[in-house]
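Structure, as structure tokens:
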Amino acid sequence: MSLWFTLTPLEREALSLSLLVSGWAVVGSLPFGILAAWVLARRDFPGKSLFDGLIHLPLVLPPVVVGYALLVLFGRKGIIGGWLYDWFGITLAFTWKGAAIASAVVAFPLMVRAIRMALEGVDRGLEQAARTLGCGPIRTFFSVTMPLAMPGVLAGVILAFARSLSEFGATITFVSNIPGETRTLPIALYALTQVPGTDDAALRLCIISVVVAFAALLASEILARRMRARMEG
Amino acid sequence: MSLWFTLTPLEREALSLSLLVSGWAVVGSLPFGILAAWVLARRDFPGKSLFDGLIHLPLVLPPVVVGYALLVLFGRKGIIGGWLYDWFGITLAFTWKGAAIASAVVAFPLMVRAIRMALEGVDRGLEQAARTLGCGPIRTFFSVTMPLAMPGVLAGVILAFARSLSEFGATITFVSNIPGETRTLPIALYALTQVPGTDDAALRLCIISVVVAFAALLASEILARRMRARMEG
Amino acid sequence: MLEIDVARRQGDFSLDVAFTAGSGVTALFGRSGSGKTSLINMVAGLSRPDRGRIVVDGKVLFDSQSGLDLPPEARRLGYVFQEHRLFPHLSVRDNLWFGTKRLPVAERRVSLDHVVSVLGIGHLLDRRPTGLSGGEKQRVAIGRALLASPRILLMDEPLASLDAARKSELLPFIAGLSRQFDIPIVYVSHSMEEVLRLADTLALIDAGRLVAIGPVEDLLSSPAYAPLTGHGEAGSVLAATLSADEAEFSISTLSFPGGTLKVGRIASPPGSPVRVRIHAHDVAIALFPPVGLSVRNQLPAIVRSVTPIDSYLTDVMLDCGGCPLWSRITTEAQSELSLKPGMAVTALIKSLTIARGDVADRSDILPG
Amino acid sequence: MLEIDVARRQGDFSLDVAFTAGSGVTALFGRSGSGKTSLINMVAGLSRPDRGRIVVDGKVLFDSQSGLDLPPEARRLGYVFQEHRLFPHLSVRDNLWFGTKRLPVAERRVSLDHVVSVLGIGHLLDRRPTGLSGGEKQRVAIGRALLASPRILLMDEPLASLDAARKSELLPFIAGLSRQFDIPIVYVSHSMEEVLRLADTLALIDAGRLVAIGPVEDLLSSPAYAPLTGHGEAGSVLAATLSADEAEFSISTLSFPGGTLKVGRIASPPGSPVRVRIHAHDVAIALFPPVGLSVRNQLPAIVRSVTPIDSYLTDVMLDCGGCPLWSRITTEAQSELSLKPGMAVTALIKSLTIARGDVADRSDILPG
Amino acid sequence: GDVRVFAAASLTNALNDIGALYTAKTGDKMVPSYAASSALAKQIEQGAPADVFVSADLKWMDHMVAQKLVDPESRFNLLGNQLVLIVPANSTQGKIDLTPKTDIAALAGEGRIATGNPDSVPVGLYFKQAMERAGQWGAIAPKVAGADSVRAALTLVERGEAPLGVVYATDAAVSPKVKVIGVFPDSMHDPIVYPFALVAGKDSASARAFLDFVRSPEAKGVFVRYGFKVN
């Protein structure tokens, strides 16, 4: 708390915005991440490699390109964005929601890969056991597969969160740098690096990012350790 | 091959440079990645969380900051870079080697996380069995742990490669944009996006990146599938 | 009722088995690698037959012709796996509850407390499976399958890692379960004792093929299957009725057409049907009724056939009031006694060689 | 020589066991959850005793006082795990080779071909473990441990999932191994038959404590341990010498101080030491020597004691030329025969009730 | 009402100060968004809620005019800057008189010349133009390290990675770790200007008021304070 009050208003704004954006990016994409990971880990279908490739796309392309793609798709004149606006009055571009989407898209491949690895590590024999005990595939997934894959899901979440915290290229391209709306920590940091004589302020922002990420990482490690300990108890 | 000749010289140069840089980034960092993953998966020591945090740092910080940090560390006047230059005459700044280091650093957390998850998934009982059969810890690692973790190591390698292929921020900050030396695909792409009316050329570079990444991904999937099939045969 | 007719290839191994088994316990008996686990996996819906049909109690679970293939969860079965497969993320209690909690209360036929006490796992309820011993895991796995109140129970060597004492507690419990709730049980085992104790029907499997199937009595009484059922295990199985109860000596007297047999006390009302397995090597033959002998069961019998097996062993088939009773003696003894078909002799069977495991009280299934 | 003195807590369970066992096979026998696996894990170096000392053949493997704790790979042991633990990424052949290939050729004492043929896994060599049946996995695991040419062999219920036929092939092989190469074996088993066949020393474990340890003969002959060794298993174990061989009837005659016993043929030279287990319930008592009986073994004996166990069972201890021979009869028979200490009687033992498993040829270990 | 200004990132500090003055004076807020000119241009193309566009170079503004995304009538060039040659502060290199004849390649020696990427970043573009006009580009090009912003180029010189750099005077002025050894004559390149314009269709009174305010002496004072030349 006392830390909070030693922050400048700009820092506070950027920090809370970053937490908001990264938090929503992770929470919002988690169900899709789990779904995609499950499809990749457990299904076989024509075009699976293509699907896998599509999911990796945001990792392979420079973030700026991803940002342009988002702008074209989700901008108010974009294919999806226009439709969202016309029908629901939702604007993504130039809002924190758009920043969350940019972060989510960029972090998505990392999340999916971690969850997928965890799902692949789950013993199919245990799933079979659950099936014979009366659980349908969906119930089995939630009562056996997911709990067993939990440490991996957690790893995916934390990777995605960390990646979101540092997301800059796609975000600034898609939603610009708007104070109080899209000026997250990395964007504020970028702004500082574009004008001379702001090294100290930039360093402070760096430290804030690192502290947040460390805290999240630590929390996830403790959680994961507790989960593992429970399985051995 | 015919594809190769339809590329412009600039594209060819950027593509081969990207492959060189990403390839070395992955190959060079793999041993360290395995080591770090093993330490995180299997050892407990004070400061482990800090170590974990340090490894995640390049993921958490905006790439530009990472590039700046690399400059400070590995630049010719940097702590490590100066030493490298004085003793071995190695210059990293403004060379493709520096670009490989930037890519490696940025991709490192992804690689470590994937390998770590794979190592955590290896049945300790099998390692114990190997020990009773006369393998010391190191032999056990190479003859049992690693082969069993192989699909995860592969996932780590492919993630790192994909991330390297898109690496832009840290690279341009650390080694600048030097044609034929550090102008990889994403850097060439970025330069194009900064000039009006080059959308077509930029799109071509995008497609090249995507094709390369898809090919790598496909190869890794086939390999992973073969590995899994072997274990079930 | 269980109707199985399935074929499946896996690698070099091909399985092709068809049989129908009545309700009660069907034992699958066969050498390691003969295809027992593969077979019950198909019944469970965990692997798909290349072709065939599986029907349990009139309900078709699988039919390759109509393309019907019920998923495992719709088959309402309990499966005790060869490798236990407990859920590591759940406590023992939650493992046990796993199948029950989704059942409507009305369909829960087995109580947790009862299962826990029979299995002796009360002190483990709050533990996780990881730290359990091999036998403890196996017991929890049995409990988990039972508590799902299945319509058919598949058990793959469930008692292999249990000690004798625990086994003899569990066998009657499993047998009782099948009878009480009329659950067909398919039971894979290597132990003849278990098979005898539990099974109504015995299916002998070898190299993926059904060698024989029939009532346990018939198959175990036939020396033809001795190589498969185990050489030392040849014997007779008699269907008898509990006739009297000598409380003073804790002895029960069983009557069958060939006379009476005294065995350890069976706590059932007189008139209950009982099955007795008598190992051929436990039956001695006397030319004259002996006196002053501790052997309780002395049955007049007629020699029906004398079959030398080798220079060591000779099998003698006796007729005890119409029931076949096999005796296995040494060839040396035969050379001394010179038994011939038609001779009247006395068959001697020590009460105690009829182990408790060999006497199965079947009053719950067969009409008294 | 195996010296164990270890203590360890794990969760609620505490283990504290100390014993010394000679070379040969030491059987660990005890109920599920009594701590058998925990104990051999400590011998293997897979878990660390809280305090104690483990010495094998004079080599200290662990000593909490001096802080010595050899890692598993330096202990040169073979461990057949309760859950096989085969390497899924290696073929069966490579699994088998795993321990051998690092050994100097001079130290390889067991040949692959031999092990493969005894275990009957020749057709599996190129498969991966994943598709193997339960018993097949177990056999490969046994082979893998044997092929490491260990200095001590730890086996945790290695035969639990094997059929009787395979078991009776493997038991002599394992026994022979221990004798031939003088490897101490610690053998966890629930099966008395296996223990009898293999073990020199029997260690009874209960709830983490050593209840008794001693030569198999002594412990199994003592009814005091019957609750632990299994009630139906009470009996006597006699040390005898092979005296003659009636080739015509494939019968071997054993002599012991109380007389001679005829059993199925043992292919050893006359004079070989032999151990015979005689189940108490297989010994009948006749007041007068009977005639015209198929029972081969009729031993004169003196009643030493008569111990009614309950209203059903009575144990009679006979003295056959100085050797104790237990007989278990029904209390009803006792009430008719009125046996009293000092009475001269005839003990009747059918040759065939002495199963092959009950006669252990021990000529390889004991000096002829 | 509020005015949304999309401006090149190098104007961050100056425009922030001016925004504060503007708010103090009118009560309206200036809501800025600072990014690369290219990003801003594409965002406006995709319907970004911008009222005013300030580009760091002429090309993107020309592009916007061509696309009819800004109101050409409202366009004006306000600020100017100078291209300077810098060396690390501890360099022994003394001041030189920069003319088209100066052999910059020789000055760099074995080292590189850090500047903006000559194909995309304005500062690099201006430098390239100057060298082309001087006929030196062929010798210079292989030595150029193209950073993605002026600041990045400045950093390379500050850290001594590059012995020589070409940046704007405004940036060089603020860094104590570099010294300016020469100023490129304006004649060697197109004027360095920051064009301002109203975004097409966003012609509101407050937007116009802001554009007027930027040209007021008060605002000009701020720009000058940050080292810009004001036309």
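The chains carry the letters A, B, C, D and E, assigned in the order they are written, with residues numbered from 1 in each.
The rule is short, and it goes like this: a residue touches a chain if its C-beta (ideal position, glycine included) is under 8 Å from a C-beta of that chain, and two chains touch if they have at least 3 such contacts.
The model shown is predicted, which means the values in this text are computed figures rather than measured ones.
Listed here as common contacts of subunit B and subunit C: A, D.
Ranked by C-beta contact pairs, the top pair of chains is C-D. Least-squares overlay of CA atoms from subunit C onto subunit D yields a rotation of 180° to the nearest 5.
Ranked by distance of CA centroids from subunit A, the top chain is D. Averaged Cα coordinates give subunit B a centre that lies 35 Å from the centre of subunit E. Between subunit A and subunit D the centroid-to-centroid distance comes to 61 Å (mean Cα coordinates, whole Å).
With centres set at the average Cα position, the gap from subunit C to subunit E is 91 Å. Residues of subunit D in contact with two or more other chains: 83, 127, 131.
Counting partner chains per residue, subunit E shows two or more touched chains at residues 152. Residue positions 64, 68, 190, 193 of subunit B each touch two or more of the other chains.
Taken together, the chains touch in the following pairs: A-B, A-C, A-E, B-D, B-E, C-D. Residue ranges on subunit B touching subunit D, taken from their complex, read 123, 125-126, 128-137, 139-140, 143-144, 147-148, 150, 230-233. Subunit B meets subunit A in the complex at residues 49, 52-53, 56-57, 59-65, 68, 109-110, 113-114, 117-118, 120-121, 151-152, 155, 159, 162-163, 165-169, 186, 189-190, 193, 202, 206, 209-210, 213-214, 217-218, 221.
On the subunit C side of its complex with subunit A, the touching residues are 44-46, 71-73, 75-79, 81, 83, 85, 87-90, 98-99, 102-103, 127-128, 130-131, 144-145, 148.
Across the complex, subunit D meets subunit C through its residues 10-12, 30-33, 36-38, 82-83, 123, 127, 131-136, 138-139, 156-157, 160-166, 190, 192, 230-233, 246-251, 262, 264-265, 281-282, 284-288, 290-296, 310-313, 327-335, 337, 348, 350-353, 355-357.
Interface of subunit E with subunit A (complex): residues 6, 9-10, 12-13, 31-35, 39-40, 42-43, 46-49, 149, 151-152, 154, 170-171, 173-175.
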